[in-house]
Amino acid sequence: MSDLDRLPEFLDTLDAEFHARGDWGAVASYIPELARVDPAQFAISVALADGRLISAGQARKPFSIQSVSKVFSLACVLSRFGESIWHRVGREPSGDRFDSILLLEQEEGRPRNPFINAGALVTTDELLAGRAPKEALSEIIGFLRASAEDDDIHIDADVAASENATGHRNRALAYYLKSFDNLVNAPELVLGTYFHQCAIEMTCEQLALAGRGIAGLPGAPMLLSEVKRRRIAALMMTCGHYDGSGDFAFRTGLPGKSGVGGGILLAIPGRASAAIWSPGLNAWGNSQVGTEAAERLARFTGWSVFG
Amino acid sequence: MSDLDRLPEFLDTLDAEFHARGDWGAVASYIPELARVDPAQFAISVALADGRLISAGQARKPFSIQSVSKVFSLACVLSRFGESIWHRVGREPSGDRFDSILLLEQEEGRPRNPFINAGALVTTDELLAGRAPKEALSEIIGFLRASAEDDDIHIDADVAASENATGHRNRALAYYLKSFDNLVNAPELVLGTYFHQCAIEMTCEQLALAGRGIAGLPGAPMLLSEVKRRRIAALMMTCGHYDGSGDFAFRTGLPGKSGVGGGILLAIPGRASAAIWSPGLNAWGNSQVGTEAAERLARFTGWSVFG
Amino acid sequence: MSDLDRLPEFLDTLDAEFHARGDWGAVASYIPELARVDPAQFAISVALADGRLISAGQARKPFSIQSVSKVFSLACVLSRFGESIWHRVGREPSGDRFDSILLLEQEEGRPRNPFINAGALVTTDELLAGRAPKEALSEIIGFLRASAEDDDIHIDADVAASENATGHRNRALAYYLKSFDNLVNAPELVLGTYFHQCAIEMTCEQLALAGRGIAGLPGAPMLLSEVKRRRIAALMMTCGHYDGSGDFAFRTGLPGKSGVGGGILLAIPGRASAAIWSPGLNAWGNSQVGTEAAERLARFTGWSVFG
Amino acid sequence: MSDLDRLPEFLDTLDAEFHARGDWGAVASYIPELARVDPAQFAISVALADGRLISAGQARKPFSIQSVSKVFSLACVLSRFGESIWHRVGREPSGDRFDSILLLEQEEGRPRNPFINAGALVTTDELLAGRAPKEALSEIIGFLRASAEDDDIHIDADVAASENATGHRNRALAYYLKSFDNLVNAPELVLGTYFHQCAIEMTCEQLALAGRGIAGLPGAPMLLSEVKRRRIAALMMTCGHYDGSGDFAFRTGLPGKSGVGGGILLAIPGRASAAIWSPGLNAWGNSQVGTEAAERLARFTGWSVFG
């Protein structure tokens, strides 16, 4: 196994190498605000079990966490309401694109898992529970701030507005769920909350710190029971990268969750929590350079949940 | 965490409880030889990292390992040919039944993963590599015997013949793969090999011992490199229980592979290898009582790859 | 062949028989205003080539024509814009439910045909062409009034409002089409127009008269060229009854278009135009008694496009 | 309407035009014997109601009728056993490729209609009814000879052997049907019969004459009741060109059935029966030039079942 003392040097090398190579993938084009982001960016932060936070690249630059937020909205729902969410959403990999509506028809409105868009809409609907969107959003933001021990975490209203204006696919999913009575609140309310939740901005440093609880690191604020954090990690491993989840597990051996903004959160149980960001995406809608960085990190450290 | 010294007692309690309850599920009906098996049976063996082998129930009674064999045929292929198999088969959960042909049409003959039937046929075809079926089967049996350090592992020819006579669905899959040029050998040759591989008989004790290599236990015969056993474990976790894989990972936190004969192999990295058998199946075609036993074992021991 | 002089008597017998039997199917439940309709109703009107209009049952009672309107919105689009609509919608039977979204994903936003909901939304969008909904609706109503030579044809605003309030599935389809750039106008505008178009009320007498043009009857107002009315009739035959279209063609040998309000329009080329209404539906969402009446009418008269 | 007296001249012009243009499509590649056929060939024969037989091109050259045979095997089954076949096969367009296995999984082994391969295998199985393949084949050949009033109709054994050797997809379909208990006879027996039935050779003249019964032409040998020939024509119209059926109906207004050998049979009720042959295929697997010829013939003659 590699010496963790050489981790800072390794991460810097990774950053330099990616910039030298210059093959970044393409940024998500369907959210106008995100389409303007320069793909030639990279950041990584690793929060170790011993308390050290090691970073490289633009680790203090905020980015749109997008679907990485699904991990935390699920955490909030599990914390507040326990396991009732599983009556409305499954726990199986979908084998389909993040925004697929196909399986939703075949399975009569019950999304396959909480990490595809349809399932995340149901999670957000559950979290709303008749409250104003502001309250549900405060709960997610509060959870993130407490987890990261950092109050400087906010929503980018422009990104939320941009996604609201162009999010026809998500709107279709929401009305489709409603047609199966699998949304309790009005679709527009759920969508508004969801778009804002996705528009949360965080730096890699913040996100790595926020993930310590799911990784069960000593010293992290313990907002989740052991059972819950293990279950969330299991879902990250089987469903965290859409129809590229199996490949990600195969290559890294680690639970992770990606976002279309180019972020990836890695939970390395008992050892570390890591956040990676590079906005160019691969064919599955996951960060191209970020996926490679995750694989390289796993190889360098020898980390794998599979022993 | 529970004391492993109390494990023997716990496993006996489990066995007693299942027999007292008497809710076993239904045995697979589509293979006549298996349909005759009494569902009211249970066995479990746990091979610990310290060398102990702890069992309960009928742990020395041989059963048909069926799809659990897919783990070992894949191990043989990876050992012999490296990673070339991935040109012909994917690494993603299918979200579909074990014998589904649907995705195969949508994905033009490339099975989603090596643990659904279509993918296992391709693995077997790769292992054949122009050799006689007998040689490929010898290789799998040899791998199992060496892993378990036990030469008393055999194929039940009656089960193989029974499946050959009635395996219309697998035959359809094989010809379908052939139509996409994703079988090199003649379909009947591949099918014959596959039916025999599935008809391997093992006891829970043997299977638990054979799994030590994938779990990376100290002292086990090391037939697989670290990279390979981690990758096999990752595939077990994301694809090992067909369209119930996500649920199994969520409930147990452990990589496992089920067979329609009622067997389940668990790899608990660095800690243990376990085999469970109970022939009654749940809706996904996985052992009903076996799945529950895996979940109870994980809870009792605190084992989970997610820390 | 039967004597058409005995047609009045036959239609009365049919009406009496259906009422005596009392097996009507269930009314559509998903539009509240329609769910209140008494299923025990039947009406039929046949406009013959010689100018006679023969009816039985409640042939002067207005009902909600719903998807029968798709025939006429398509007719308006073909009349106004020619064949450009076919760049945006196909001409193939869907083999799926009227409100399916599944194929739309597989075929990247191009609906299979203009008679399923997704295709009709595209047709309505084409007809809008930047105009106010009122103008497009006036065009459809105008076409119907001119075809039926009857100005007493109106929209039931309550039904339109009811469908607008509960039409989550159609809303999902519209936003889904928009996400593929296959709606030009704002989804809410298209939906508003579509819900009003579906809420047109007509009697069987009016609908039979309005259909004469598609049947190419002598003496009817000729609003469609021969090529266009033949093409519309072909689409009615292959796609007019959703995933029950093949069965309807097999049983009746006639082009027809059903609506979820229980109406069916039959075009019997050169011979007659018929309208049938009974609000109880079968499993495919087509009028149960209406389908049987169409089959009985075809058998009695010997009418079939297949000679 | 055009004068039928000018039909010979029109057909000759068509033939000359196609040869001058030289855009023929590609011959089916998956049956080696058919892959060798020169695509630059065209033939057409029209059997008129008045008894005239008008042809152009190579109308006396035998070709492999392939799936056009499905019309006649269905006719034999309906004649011999009545309507019992509909318990085993549907009457709906499939919206899918001729050799799709996908819907078969979704609909649990019941093919959508008798004109896709899966449905035709069931029809052939029904016709076998425990008899030797030779007897079932004699029945189909006998039906064709009687219909065409020509005994010189045979099976090309080389084409049958070629298809048997390479027909992996059809073999998959047969075993798949068997797995759902929707084949009574052994799959290999059904396949053998099916491959021979598809390998029947006929000239356009023979095929046009054989189709007169389905078109209900006066003077033709009446082997089918009116009800049966109408139903067969309805199936040809909704399902006769696989997933191009709706388009064919839209363009020609006529019931037709295509074969992968490049043949098309048209039934023009009461007026004519036509056979067209050109071996190059379009994207749907239907004759490219043949489809165009059918459309041109319909336009020239004004023939359409839609009045």
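Read from first to last, the chains carry the letters A, B, C and D; within each, the first residue is number 1.
Note that a residue touches a chain if its C-beta (ideal position, glycine included) is under 8 Å from a C-beta of that chain, and two chains touch if they have at least 3 such contacts.
Everything numeric here is computed off the predicted structure, so don't read it as measured data.
**Student:** Please tell me the distance, in whole Å, between the geometric centres of chain A and chain D computed from their C-alpha atoms.
**Tutor:** Roughly 55 Å, centre to centre.
**Student:** Determine the centre-to-centre distance between chain A and chain C, using the mean Cα coordinates as centres, and give it in whole Å.
**Tutor:** 47
**Student:** Which parts of chain D, given as residue numbers and ranges, touch two or more other chains?
**Tutor:** In chain D, no residue touches at least two other chains, as defined above.
**Student:** Please classify the inter-chain touch graph. Allowed labels: line, ring, star, complete, other.
**Tutor:** Topology of touching chains reads as a ring, each chain with two neighbours.
**Student:** Applying that definition of touch, give me each pair of chains that meets it.
**Tutor:** Every pair of chains meeting the touch criterion: A-B, A-C, B-D, C-D.
**Student:** Which residues of chain A touch chain B in the complex?
**Tutor:** Those residues of chain A that touch chain B are 90-96, 103, 112-113, 215-216, 229-231, 233-235, 237-239, 243-247, 249-250, 253, 255, 267, 269-270, 304-307.
**Student:** For the complex, give me every residue of chain B touching chain D.
**Tutor:** 100-102, 104-106, 168-169, 171-176, 178-179, 187
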